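In what follows, a single structure is set out as C-alpha cells and then discussed.
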Amino acid sequence: MALERLFRRNRPTRKEDDNSPAGLWLKCDACNAQIYRKDLIANLHVCPECGHHYSMPVDARLDMLADVGTFERWSGSIRPVDPLEFEDTQPYTERIEKAEQRQGRPDAIVTGACEVGGLEVGIIVMDFFFLGGSMGSVVGEEIARAAERSADEGRSFVAITASGGARMQEGALSLMQMAKTTVALERLARARLPYVSVLSHPTTGGVTASFATLGDVILAEPGALISFAGPRVIQQTIKQDLPEGFQRAEFLLHKGMVDDVVQRKDLKARLVTVLSALSGAGARAPKEKVSAAAV
Amino acid sequence: MALERLFRRNRPTRKEDDNSPAGLWLKCDACNAQIYRKDLIANLHVCPECGHHYSMPVDARLDMLADVGTFERWSGSIRPVDPLEFEDTQPYTERIEKAEQRQGRPDAIVTGACEVGGLEVGIIVMDFFFLGGSMGSVVGEEIARAAERSADEGRSFVAITASGGARMQEGALSLMQMAKTTVALERLARARLPYVSVLSHPTTGGVTASFATLGDVILAEPGALISFAGPRVIQQTIKQDLPEGFQRAEFLLHKGMVDDVVQRKDLKARLVTVLSALSGAGARAPKEKVSAAAV
Amino acid sequence: MPLPFEKPIEDLEARIEDMRRYAAEQQVDMSEEIALLQSRLDRLKSDTFENLTRWQRVQVARAPGRPTALDYLTTAFNDFSELHGDRALGDDPAMVTGLAKLDGRQVVVIGQQKGRDTKENISRNFGMSHPSGYRKAMRMFDLADKFRLPVVCLIDTPGAYPGLAAEEQGQAWVIAACIQRMSRLEVPAVSVVIGEGGSGGALAIGVANRVLILENAIYSVISPESCAAILWRDSGEAEKAAEALKLTAKDLLEQGVVDRVIPEPLGGAHSASAEAIATFERVLREELAALEGLSVKALLEQRYDRFRS
Amino acid sequence: MPLPFEKPIEDLEARIEDMRRYAAEQQVDMSEEIALLQSRLDRLKSDTFENLTRWQRVQVARAPGRPTALDYLTTAFNDFSELHGDRALGDDPAMVTGLAKLDGRQVVVIGQQKGRDTKENISRNFGMSHPSGYRKAMRMFDLADKFRLPVVCLIDTPGAYPGLAAEEQGQAWVIAACIQRMSRLEVPAVSVVIGEGGSGGALAIGVANRVLILENAIYSVISPESCAAILWRDSGEAEKAAEALKLTAKDLLEQGVVDRVIPEPLGGAHSASAEAIATFERVLREELAALEGLSVKALLEQRYDRFRS
C-alpha cells in the first residue's frame, strides 16, 4: 500500500540499513533491479537502473560537492547533554552513545568550509543516520555557528538537509533551535551573502519549518519527502489515503515551494551557477544592512 | 438568472437611474419592497427593508463621513483633454461634456481635506455616475495630488472607490494612472501615515488593481462587486456560470482580501477607530524612511 | 464538568452549599461549621493545584472554560478592532488579529483562537492554523513596524494543522517565514502562552522580546500523546511522556524557554477567568512599559540574543 | 502560414525561388532578372511594413513564430538558470523567472511566456498569468534587491488571466502589489515589450527605469477586440478600436509611455528572429550600462518621476 512503499523507499545504502545479508548486492526499492553495491555507490547512491535517489552518507556528500582537498571541518567540538534527563524505553544518553559509535561523530551534523567550483563556501550536512537527523541543541548550535562564521568570513552558505525534525528528547529546548538557526541566518542576509538550501530525503518537521526553507534559493533532490507534518500524522488526521507523490519534491515544485528539483549528478554544477550569480553583492558590501523586504 | 440579478442590483438612486417614473417611490432591487425615496436617502441609500446598499452619490458620502462643515475641496482645477482624439460611436469630448453637465464636476472624482471624528484626513471619493467612475489622466492626477498633499500636511488618507476601471478612451495613458496613483501613495507610506481604502459597489479593473487595494486597511461595503475582471468577461472566458456571491465583498472577506465588510451606518465610526489606532507614528515621525517590508 | 482531579473539590463545594441551604431553611446559625469547611476547601484546592502532576497541568491547560485569546482581547484590551485576511490564501479563524488598546497603549494583537464550545471549536479548527493564519500574522507584523506599534501575541494551539491543504500551501515554509519575520520586528513584542503552546505552530508567534506563560499553561515540542505514540509506541503513555517532556510553566522557566510566569487564581484560570484576565492585564502592562524605552537596535539585538543563546 | 498582408511578399518570394530553380536547371544566367525581382521584393517588404495599419501591427505583435521570452532568455542571455515558484500558491508557467547573464553582466530576469506551439500555449495559458505569476515576480524583485542585481522584464501577455481561481486569489491585489514592489526596486530595472503589452497584467512588470518596446509590439489598456465589444458593441470592429487606441510603438513613444523603440528586421521579428534578438541584445546592453552608475536614491527618484508625471 502506498504509504508503506513511501517509507520503504529512499532507504540508505549502509550495510546495517539494507536487507542484503552479505551486502554485496541489493535489490532496488524502486525498480527491484539487483544492483551491485559498488555500482550504486559509484553512482552517487542513485540507482543505475531507474535513477532512484537513495539517502547519501555525509562523507560521500562532501566528496561529491567540495573541490578535492578543500574541506575543512568546523563541527565536532560540542557534544549533546541530557538537560531533561529524558528516558523513554531507554535513556536518551544511551541513544546518543550508540549513535555516536555507529556514526563516528558527536551529533547529527557536520559543518565546515570548502570550495565549490572555486567559490568559498560554508557548508552544513545533516546525518539522517544519527537519530534520524533530529535537531537538538548541538545540531542547532553547530548550524548557527556555521552560519555566523560563514558571514564573518564572507562565505556563501549551503545546507544539505535530512531530518526527522526536532529532537523531542530535549523537549522545548529542541523547539528553540528553530528560532536559533533562523536568527543566525540573519548574519548572512545582512552581509548579502547567498544561502542555498538543498532538501534531501527526508526533510520534515522543525527543520523544514525553520532554516531549511529559508534559502534564497531552495533546491530539492528527486523523490525527496519534504514536509511539516509526516504523512502518517496527516493520514491519521484526515482519515484518508494521501495522493500519490504528495509531499514529494516534484509535488512541491509544482506547488511553488522549491526553485527546482535537481538530479544529484547535476547538483554541484547548479550550486556553482546559482552561488556565483548571487555572490557579487556580498563581496562588494559584506557589512551593510539590508532592508527586510530584500532579505 | 444569477448574472443578471448581479447587474440589476446596487443600482444608484438618482432619478435617471431608476425605474420609477415619478421617482417618488422605487421598488427595491433586492427585496422588491416599495420604498419612499426620501426614506432611502435618509437611510444613507440603504434599503430600510432589507439593508441592501445602493450606490451613494459623492456629496451624500462626504456629508456622511466628514465632520459637519469641515470639508474643503481640493479637486476641480484640472479638466480632461482628449490626447488620442478618441472617437467610437461618439467623440470622447462629447461624452465628457455630457457627464460634466450631468454631474457638475470636470471628472469622476472629488478630493479634499476634512475632519473625521476630529482626525485630520485627506479624502478622495470617486463618482461612479461620471463615465462609470473610469480612471483617466485627470482622475489619476487628482488622486496622486491628494495623496501627496495629505502626506505633506500630515493627514491620514481615505479613498472611497467606485469605478468600472481604466478609461479606455485615453488609451495607454489611462493605464499609466495605475502606476501614477501607486507611486504617489509612497509619500504617505514614508511619512508613516495610514491609508484606508473603502471599496464600494462596483470597484473593478485598473482601480482595483492599483491604489484601491493598497490600503493599510481595506474595508468593503456589503454586497459590493470588487474584481479585476468583470463577471461577464470571466463567464465568457470559462464558459460557465459563476458561483453565487462570487467577487462580492463577503466572498472576498472569506478569501482574505479585505479586512472587513462594514455596514454603511457603521463606516464612519470604524474609520475613526482604525485611523486613530494607526495615526500615532505619522505624527511622531512624518519624514522618516520606512523599510519596504514595513510599508 | 470537572477535571478528574477536581472531583473532591467539587464534592466539598457541594456540601458547603448544601449546608448553607439547610442553615437558611432551619434558620440556625452554622457559620462556624461553614467557615471550617471553607478553610478546608481552600486547603484542598491549594494542595491539589500546587501538586498537580505534569499530565494534570496539561489537562488544566486544555480545560473547557479556560479563557481563550478572544476572551483576553475583548476583556483585558479596549477598542479591539479585528482585521481579517492574509491577502493571499484566505482568512484563518484559528488566528485572530487586529488592533487594540491596553490601558491606553495602542498595540497590534495576534491570538490563536480555540473554540469556547464544540461548534466554535469546529469553526476555529480547534485552534490549529493553516498557512493563511501565519500569513495574516506576518501582515500584522508589517503593520506594526510601519506604524510603530508594539505587538502582543497570545499562544494557544495544539499545533499548526497537519492536513492536505496546509502542506500544499507550505505550512513549513510559512512557519519558518513567520519566525524570521517576527525576529525582525522593529517594535517591542511580547508573547504569552495562555493555554497550549504546541510546537512550531506556537513558536511562529513566539519570537518575542519577552515570552510569558500562564501558571497552568504548557509549551512543548510535541504533544504528550504524539510523543508517547512515537517513543513508547502507545499514545496511552501520554502521562509518562508529559513527565518526561518537562512542559510546565515551572519547567520552562528553569529551562530558560520562558521569562516569566503569570500566576493563575487558585483552582486555575477556568475556575475564575475574570481574576485570571485581570492578572494577565496587570503583568502585560508592566512588560510593555518595560520595553517602551528601547531603541529599534536594542530591541533587535535583545531578541537576537534571547533566541541565539 | 503568413499574415494576410504578407501574402504578396510570400508570392514574390516563391517566384524568385522558382526562377532560381529554373535558371539552375537550364543552366542559364538569370542573375539580372533575379536581382531586379529581389530589389522589388525589398521594396515591397519595406512598403508593406512601413505602412502597416495599427490593426496589422497587432497581428504582427501576435504572429506565430515571433520570438518569445524564453527565446530571448536562452539566446540573448547566457547561463540562464530558471527559478520556480512563488512560495505561496504555485509555479506559474506563464511567468518565467530566474538568473542570467547579459554580456557578462549578472541580472535577474522575468518574462511573460506565450507558447511556441498550441501545446505549449495551453501549458503556458497563452501567456496569461495567475496571481502566482506576479507573486513569483515579486520574489525575484526581493532577490534582486538583496543581491543588488539589475532586473530585466520581458512583457508579452494578452493580459492577466480572467478566471475563477485568479479572482479568488486576488488578481487585482497582486497586480497592485507588484506595481508597488517594482516601483521600490533599489536596483536598475529595464522592461521591454517584446510582443503584446496587455493592460495591468503587463504594467505589473513594467514599472522600470526604462521602458522599451519592439518596433512591431503593442501596449494597450485593453485589447482591440474587447474595446470594440464594449464601445462599438461588436468585437468585429477591432480594427477601428486598434486605430482609436493608438497602441503601436510609434504611438506610445509619442505619448511618452515608452522611452525607446527597438527596431525589428524588415519583415518583422518573426521573419528573422536571430537578427531581432541580436538587436534586442545590443540595445539592452546599452540601456543597462547607462543605468549602472546610478545610486539607489537616484534610481528610486527617476522611477518615481517617470511614472508620477
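In order of appearance the chains are A, B, C and D, and numbering begins at 1 in each one.
Keep this in mind: contacts are C-beta pairs under 8 Å (C-beta built on N, C-alpha and C of every residue); 3 or more make two chains touch, one makes a residue touch a chain.
The structure displayed is predicted, hence computed values, not measured ones.
Here the chain-to-chain distance from chain A to chain D, counted in touching steps, is 1. Placing every chain at the mean of its C-alpha atoms, the farthest one from chain C is found to be D.
Chain pairs B-C and B-D differ in how many C-beta pairs are in contact, and the one with more is B-D. Distance between chain B and chain C, defined via averaged C-alpha coordinates, is recorded as 41 Å. Work out the mean CA point of chain B and of chain D, and you get 33 Å between them.
Between the CA-based centres of chain C and chain D the separation comes to 55 Å, rounded to the whole angstrom. Chain A and chain B have Cα centroids separated by 51 Å. Shown for chain B are the residues that touch two or more other chains, namely 255-257, 291-295.
Multi-chain contact residues, meaning those touching two or more other chains, occur in chain D at positions 87-89, 135, 145, 169-170, 173, 177, 181, 184.
Looking at the complex, you find that chain A touches chain D at residues 189, 192, 194, 216-217, 253-260, 270, 273-274, 277-278, 280-282, 284-285, 290-291, 293-295. Of all residues in chain A, only 83-84, 86-89, 144, 166, 168, 170-176, 178-180, 182-186, 205-206, 208-214, 226-229, 233-234, 237-238, 242-243, 246-247, 255-257, 292, 295 touch chain C in the complex they form.
The part of chain C that touches chain D in the complex is made up of residues 87-89, 131, 135, 169-170, 173, 177. Contact residues on chain D toward chain A in their complex (touch as defined above): 79, 81-91, 99, 101, 106, 132, 135-136, 142-143, 145-149, 181, 184, 186. Chain C meets chain A in the complex at residues 145, 160-164, 166-173, 175-177, 179-181, 183-184, 199-200, 203, 206-207, 219-222, 226-227, 230-232, 240-241, 244-247, 251-252, 255, 257, 303-304, 307-309.
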